[in-house]
Every structure is written in C-alpha cells, then in structure tokens.
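Some structures to go through are shown next.
Both complexes below contain chain A, partnered by chain B and then by chain C.
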Partner chain A sequence: MLEPDTNRSSSPDETPLPAEIDEYLSRLGAGLDLPAHVRAEIASEMAGHFRDSIAAIESEGLDPERAAREAIARLGSPTELAAELTSAHRTTRRLLSGAAGGVFQATLGAAGGMLLGIAIVAATLCEFAVVTGTLLKPPTEFLFAGLPALRAAMAGLPMATALLAWASCLAAFVAARRGVAVSSRISRRTPAAVRRVWAVAGFATLFVAAVFLVPAPQNLVSVLSLVAVPFVFAAAALTDSTPRVSLPRRKVIAAIGVLAILSTSFARNVPAWNGPLPDVANTPQAHAAQLREFDRVAPAWTYVGGHPVLAEGGGLWGSGVITQTINVWTFDPSTVDATAQELSQFKDIRFEAWRAVRFDASPAIAEWIPDPAYSAPYATAPADFHAGQLDAGQGQVEFDVSHVRTTEWIVFVTGTGPDGRRYRLNEPEFNMGGGPLVSSFTGTIWQWLTAST
Partner chain B sequence: MRRPSIRTQLLKGTTPLLVLTVLRDSELYGYEIAQRIRERSGGAFAPSEGSLYPALHALEAEGALQADWRESDKGPKRRYYRITGKGGALLAEHEAEWASFARGVARTVAGPTNA
Partner chain C sequence: MATVSASSLAAVIAAIGNDRLSGYEVLVRLAKPPAAPELPEPALYPTLHRLEAAGRLRAGWSTDRFGRTRRLYRKP
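Up next, the complex of A and B:
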C-alpha cells in the first residue's frame, strides 16, 4: 500500500478512509515509479482529495459507500493516474539537476570520506608502529612531524600509494552513497533506477583514472589497492543500504584501554626504539658465499689487498632512479695516484646495474646477490676514471629504472684488464649487513602491467 | 468508438492555463482548485480530477508552482499550491496564446465577413 507521508503530523480529524479508497491508493502507489518520499507525499495528497471529494458527494445525498465509488470514478484509473504523475515528476530539468546535485554531493562526500580514510589509516599505522616498532617512526615523532617532512618520507613509496588507495576506497563508498541518494531525490527517479547509472558511470570513470591516468609509485599491493577503488564505488552504488553497526560505548572504551595497555607494554621492548639491530649478516661464511655469486658478473680484480674501486652506499629510496657513490680506494690519500695508475691498465671501464635478489647464505643470514635469472646487467654506463667525473676520486652514477618493475639493485664497476678479460673492480659494500639499492616503479597501473620485470 | 467531445479535448489542453489562472488570486489545494474552476466557469466545466493532479505536479516540476503543506479551513493538512514568478510569466504566455487561438476559432466558425 502507498504509505502516507509520516513526516507530516496528521490532524486529529483525519478519519480512516473506506476500504475501496485504500485499495485505490495501494494500486496507485504500486504504479508510481518514484522515490519513497515522493510516493508518500502523493499518498497524503490523494487521501486528502478523497476526503474532500467524498464529503462533497455525500452532501449531495449519496450514501458513504456510493460516494466512495463516485469519488474513485471521478479520479479515474489508478494505473493511468500513476503513469501520468510519474511522467509529470520526471522532467529533464529535474534529471539534469539531479545529476549535477548528485555529482556535487558525491564530490563533497569523496572529500569527507578521503579525510576520514586518511585519519583511519594514519591511526592504524600509528598503532601498528607502536605495537611492532618496525614501521615508520615512533608515533610521537610521526604525529608531530611537519607535513612537508612527512610527505618527503612517504614520497615515492608504493606503500603510500596503497595507503591512499585504501583511504580512497572509503571516499568512493561515501561518494557513491551520497551521489545515489541526492540524485534520486532531486531527479525523482527511484534509487534502483539511479544506482545502475551511478555504478556504471562511476566504475568506468574511476577504473580509467586508476589504470590509465594516475601515475604513482606502484607495486603489486598498490595496484590491487587502486583497482579496488572502482569496485568499492560500484558495490556501494548498487547495494541497498548500509547495515548499522552499533557498539556499546563501554565496550569501545574498554577495547581502546586494552589496546593502549598492550601498546605501552610492547613499546618498551620494540627494537626500533632501542638502537639499530646488530649486524648479523657480516660473517666470513656469508661473505664468501656472496662473493662467489658476485663472480658471476665478472671475476674480481684485486690489488694491494683490496679492490681498486669502492662502491659506497647510495640509492634513492622510493625513486625511479638509483644512484651509487663510487670512490677510488682512498683509505690512504697517498694511494690515490697508485690507484689511478692501476686503473689505467683497464679499458672500457663501466658501471653495471644488476637486478638483485635475496640470497640466504644460512638460515639466519640474508644477503643480496645478482639475480641468477639474468645473465646480463639491466643497464650500463661508461666511466672514465682519468678524464671523467671520477678524477677527484669520487663520483656518482645514476640509472633510470623507473619503468621496470624490479626494485632491488646492485651496481658493479667492471673493466677490461691487461689480459683482455673483463674484471670486477668493486665489491658492493652495501651488502655487508645493509640492503640493496632500492628503487620504485612510478607510473600508471597500465604502465606497471606492461613494464618489463 | 465514441468520439471525445470538443470540451473534453479543450479541457485537457487548457488545464495548465485554468490552474494558473485560479491560483493567480489565492493559494489553493487540489480539490479547491477543481471547485474554483467549476465556480468561475459558472458550472459549465471543471477539469477532470484525474488530469488535474498530474498537471499540478508537472507545473511544480517546471517551477511554475510551489507547494507546501498547511492546515486547511476544514482542519486536516492539505497541499497548497501557489504561483511563482515563473508561473506568472507562463500564465501570461498561455493567456496570449489562448486569446489568439480563441479569436481564430471564433472567426473561423463565424464564416467569411463581408467587407
């Protein structure tokens, strides 16, 4: 049956309507393809009309039963009236207003949802950092860090993309719900009719944006997270209502208290708060095993008990470019010229960027070695230690690796020796307890999917 | 098949004009509008109740009318309609169109005039 508008307070003298009129209103309501609040308003209006009409007809001398039938006859077929009323409400003006209003409200909803999502993600990260001590900085530093510093710390990290994508999922959910509700109300289309349009349009727009338009640092997690956004939008647009979750306040307070106590007790013992971890990887056995793997690049050339070139640190965390600082062996400044003399025997000295993989020398020790799946470096760059940038004994080399999915690298320096064979002139020191050079892929999802590994 | 009368067909087309005309003077609810038209026509005609409400809702959707719920003289709340500025302009347009149409029909029915 067509429900009367419950938002209006009914007057005490609104007498019950005859059964035939109720039946008429039910059929009218069934035929109205309009939102519930509009149907309720029409029900109230038509009920008032029947009261007036029946009273007028009764005053002409007809009994109530005949008066009701006459009132119905004057109004005509409920099906036709419903169709005409539906058509009257569905104007192009309202459709356009509904679309514009829906998009506006969806945008506001997305902004609000994004802020809420970021707050939830940040709070979760803080809690995770406290409990594990392995992620980010301690929450006190995190919370009081300036925005530029925070942005710089997160820039280029695929994890930051994933976190923003998770916040975007909440934004998409809120946007879809508000868009459907507002456009349905303004355009006078039923939510069921509006939902499909919103789901298809929103999914297509967000999918194209996520996959083809928005460049961001990517890895598998960020890609899956970003692709989830259009699906969340479509699901939110198509589903009927959000189940209300009501939690008793006492239980929420108790849960927060338990979490705080646990966090405090864990925080006292987290390693990140008690100095760096001991360098467990620097053992002779691990080093020897690792050097054998390095020899796959080229056999080592040693002189004066060491390597003529030392590759120190480097790498831009989260960047699409890896850098390696190269030193000529300069522990003793007086040997620089001797080193240059040694290097002068080599031709075609170059830097080689190799994909790195984790190498477990023993169960407790992890190292990085050139990926055995590749027999050649990803990229090379010439180096001239005599006339080039390394004359002063130090320099840097950069490799653009922004369009390859590999994110861990080792840079070697090799040269063709006096005997015509290529030798390795450095031993990447970062492997001695550190990690590989780390880069990140920055681009759209489509570029990530079609990039080489 | 019974042919619809001229009155029925004319009423269908002129319902918005009649509704806007009676609402120019006062705010009324649906049933009152039908009664007021009947009174002003001297009982000659009244719009079909089945076409009155779609016309009212269409005019409201167009922005020519505004409606709100108020207590009526008879007690219960009714949905009162009032004409808007846009409705006033639409009424003037309809009146001019009707006057032109009515003159044309009258001339045609009267036959050729002797100069």
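Up next, the complex of A and C:
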C-alpha cells in the first residue's frame, strides 16, 4: 500500500481524492521497490499530479468521476509506471554513493559502538571487582586496601583480547545497522535488498580480518570471542530494526552514573580476591615426587653442599617470551669454587625449555612438572658458564614461545658430565610466586589453530 | 523499460527554464509549441526522476498560497 507523505499531502485546503485515484496509488505503491520514504514522496507527488490533472479536465466540461478516469487513463498502467520510477531511482551513481555513505556511517557507528562496548566491559569488570572484593572477602580485609581488583578480572593477555572482542561485537552490531540504513536511504534500494549484501560483505571482511590478519594474544576464549564478531555483524545486518525498550531515561542514566562512581571507587581500593592461595609448600613427600618427575629430563648431578649446582635467580614472562635467570649457587661463599669446579667438568651446558603441567602431589599441594606427554624439550639454548658468566655467577636465557599454544613452562639446565651422560644441574623452584613461567600465544586465529601445542 | 530520447530530456530541461515547476506544469509547457517532442505522459515522471538522479534537475517541496503542496523541479 502506498502511503502518501503525511507531512505534505494532508493540507487542509486540498480535497480528498476519488476512490479510483486511491486505488491507482495503491497499485502504484505495491509496484515500487523502493525505500518507504521514497515511496511516500512519490505518493504525494502523484496525488498532486492527479489533483491538477483532474481540475484541468473538469475545466474542459467533464464531470468529476469521468475526469478522474481520464486522468488515470492518461498516466497509464500503475504497474508500468511503478517499474519505470523504480528504474529511474536505481542509478549506478546512487548505488556507489550509497555504498560509500554506508561504509562511512558504518565506520562511525563502529567507532561509537566500540567506545560504548569498552565502557560496558569496563563497568562490568568494576562490578565484578566489587563483588569479588567485597562479598567474597572477609570484612577485616577491607582494612588492607591494596591492588585494584581489576587485575584479577584482567588476568592474562588473551583475556584482554577477549574483552576487546566483546566490545567489538557491539561495534559490529551498530556498524551493520547504520550501514544498512544509510546505504538503503542513499541508494534508493529497500533495506531488504541491501541487507544480504551487507551481511555477506561484512561477514567476509571481518572473518578474514579476525582469522587471518589481526595478531593478538590468544587462547580458546579469545578465539571464540573474535570469531563471534563477524557473526554478530551478519546477524545485525540481516535482522529487522532493534525492538525499542521504553525506560525512564533520566532515572536509568542517573542510576548508571551512581553505580559507575561507586564501582570505580571500590574497584580502586579493594584488593583483588583470587580465591584461596595455592599451597606450594613442599612437604618432603611432595618434593620427592616432584624430583622424580624432574629426573625424566635428566638425572640430577650430585649436589654440592646439599644444594644443586645451579639455582633460579628469577623468571620473567611476557606475552610470548619467557626469561629465566640461573645463578651459580652462592649460598656459602666457600662453595663457589667448589661449584665452579663441578661445572668445569661439564660440556655442552644448555638451557632446556620444557612444557609444564600441574602435578597434584596431594589434594592440598600443587606442583608443576615437565609434561609427561613430551620426551624432549620444546627448545634449547647454550649456557656458557665457562666464558665470563661463571665469574658473574649468573646465566640468563630467553625463549620465544609466542607461537606455541602451551602457556606454562619450566626451564632446566643440563650438561654432559665426565661419564658422557647428560645430567640435570638445577632444581626449578618456581620463583615469582610459586608457579611456572607463563606465556601466551600471540598471533592470528589461523596461526593459533595451526600452531603446535 | 521505455527509452526517452536525448531530445526529450533536453526539451524537459528547456521547458523548465529558470522556473520552479511541478510535474504537471512541465507537462502543460511541453504540450505548447515550440516544445512538444515525443514525450508521452506516462514517461514524464520517470524522466523527471531520472534527470534528478543524474543531477541535472533539483527537486523540492513547496506549498502555494492556496495550500497546495507540490514537488517542484528546477535546474541546479
């Protein structure tokens, strides 16, 4: 049904149109494959034409009824006129303008949606921090305000990727809606006609970008979150307008504002609650069990003064690099020479990066051991303790593990002893908080999918 | 799709001249000599809309003193 533009055709000084004309306009509207606002304009224009035409024919002496029929006859078939008008509006120039305008508006929409998405994610994290920092903690710990609880929620770089992907989902939703609306209006194609184009083009572009082009710290959650973005875009492009929810706007905005202020205030001052601290204290039994697992790498060399020849001096880890410092044991200054003597017997001393897995020595004690699924290290690097580094009492290694899905590592030092066998020279104690070295995969989704574990 | 000759398009633009005319007024002018090329009435509005889409005409709404609202065409 062709609905005249009510802003232009309802002038009180204009007479109502005869029923035949209304019928003609209805059939014309049914044949117009154009957006609603263009159809309304055409309806108003054609209504004006009929009024002028009928008035002119009546002035020639015909009665109103015959004048209406004559005016219709002169304008011809409504179906053919509709087809001609549709064709006249659908020019290549408008199509290209619609595409460009749609992409531009979609980009603006994506930027706005991204900002909104980040704000929502940040607010959600603040709420999470407040809940975990208040409801799940003993009240006495309020006295020891410390690190922002946000750190607990943001643990791990792949989680940051996932959070940005969730914000991107909102950006994709807004972009698709704006792109469809604007390109439809400018190109004079109906929303139904441009939806599929937007859905397919947007899905393909975003899918290729997410899977093959954008490198980021990844894990399973971040991969699934990123892959959701093109699907959200396609769904938003294909579905009809968003249902409107009627809310008292001022009250909602005021409530969000108060909540945000309270949340930020609490989140800044309430320490994170990460659950019960892992008990990594070594009982003799657990330690013995762990050492037996370490012996799978290589048997331990005889200790000097009750200690391994080498000891960890600290570990660092970033998104895709693990760094381990090894100290020559200096517990007792008198043993340094002895340690040096021990080391001098070894050849081919090297760092070995092994994949680590959690080893539950007992229900309450968790340790990390070399992954039993692997019989060789992921990577090795020479450790030249004989040329200078021994004098400094320290050696350091850096492994790039950014393209391996494994995220937990143990670094051992081994060397070939006087009997020609390879021995383990250190006893990893997991510095920096009692856990393994932690890395995260950095790359595209495709690289993550095809990477080794 | 009906084809409209280049001379018809030129005649429509010439008929409008420097005025602002509704579609019906263009039709009346085309019916008077020396205009009047072959432009059947059913082809009038598609032609006007094509010229507008091509940027050769501009269109806008106007209400006259009798309260009649019409879409008027003019040269850019």
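By definition in this document, the second predicted complex is superposed on the first by the 364 of 453 C-alpha atoms of A that agree within 3 Å, B and C clash if a C-alpha of one lies under 4 Å from a C-alpha of the other, contacts with A are read in each partner's own complex, and residues count from 1 in each chain.
Following the convention adopted for this analysis, a residue touches a chain if its C-beta (ideal position, glycine included) is under 8 Å from a C-beta of that chain, and two chains touch if they have at least 3 such contacts.
All values derive from a computational prediction rather than experimental measurement.
K.L.:
Aligned on chain A, chain B and chain C: do they clash or fit?
P.N.:
clash
K.L.:
Mind working out whether A:I57 is in touch with chain B, chain C, both or neither, as first, second, both or neither?
P.N.:
A:I57: touches no partner chain.
K.L.:
Counting contacts the way the document defines them, which residues of chain A are shared by the two interfaces, the one with chain B and the one with chain C?
P.N.:
8-9, 11, 13-14, 41, 44-46, 48-49, 51-53, 56, 74-77, 80-81, 84-85, 87-89, 91, 93-94
K.L.:
Per the contact definition, I'd like the list of chain A residues that touch chain B in the complex.
P.N.:
For chain A paired with chain B, touching residues are 8-11, 13-14, 41, 44-46, 48-49, 51-53, 56, 74-77, 80-81, 84-85, 87-89, 91, 93-94, 188.
K.L.:
Can you name the residues of chain A that touch chain C in the complex?
P.N.:
Those in contact with chain C are residues 8-9, 11-14, 41, 44-46, 48-49, 51-53, 56, 74-77, 80-81, 83-85, 87-89, 91, 93-94.
K.L.:
Touching chain A in the complex: which residues of chain B?
P.N.:
29-31, 48-51, 53-55, 57-58, 61-63, 69, 71, 74-79
K.L.:
In their complex, what parts of chain C are in touch with chain A?
P.N.:
Residue list for chain C touching chain A: 1-2, 22-25, 28, 40-43, 45-47, 49-50, 53-55, 61, 63, 66-71.
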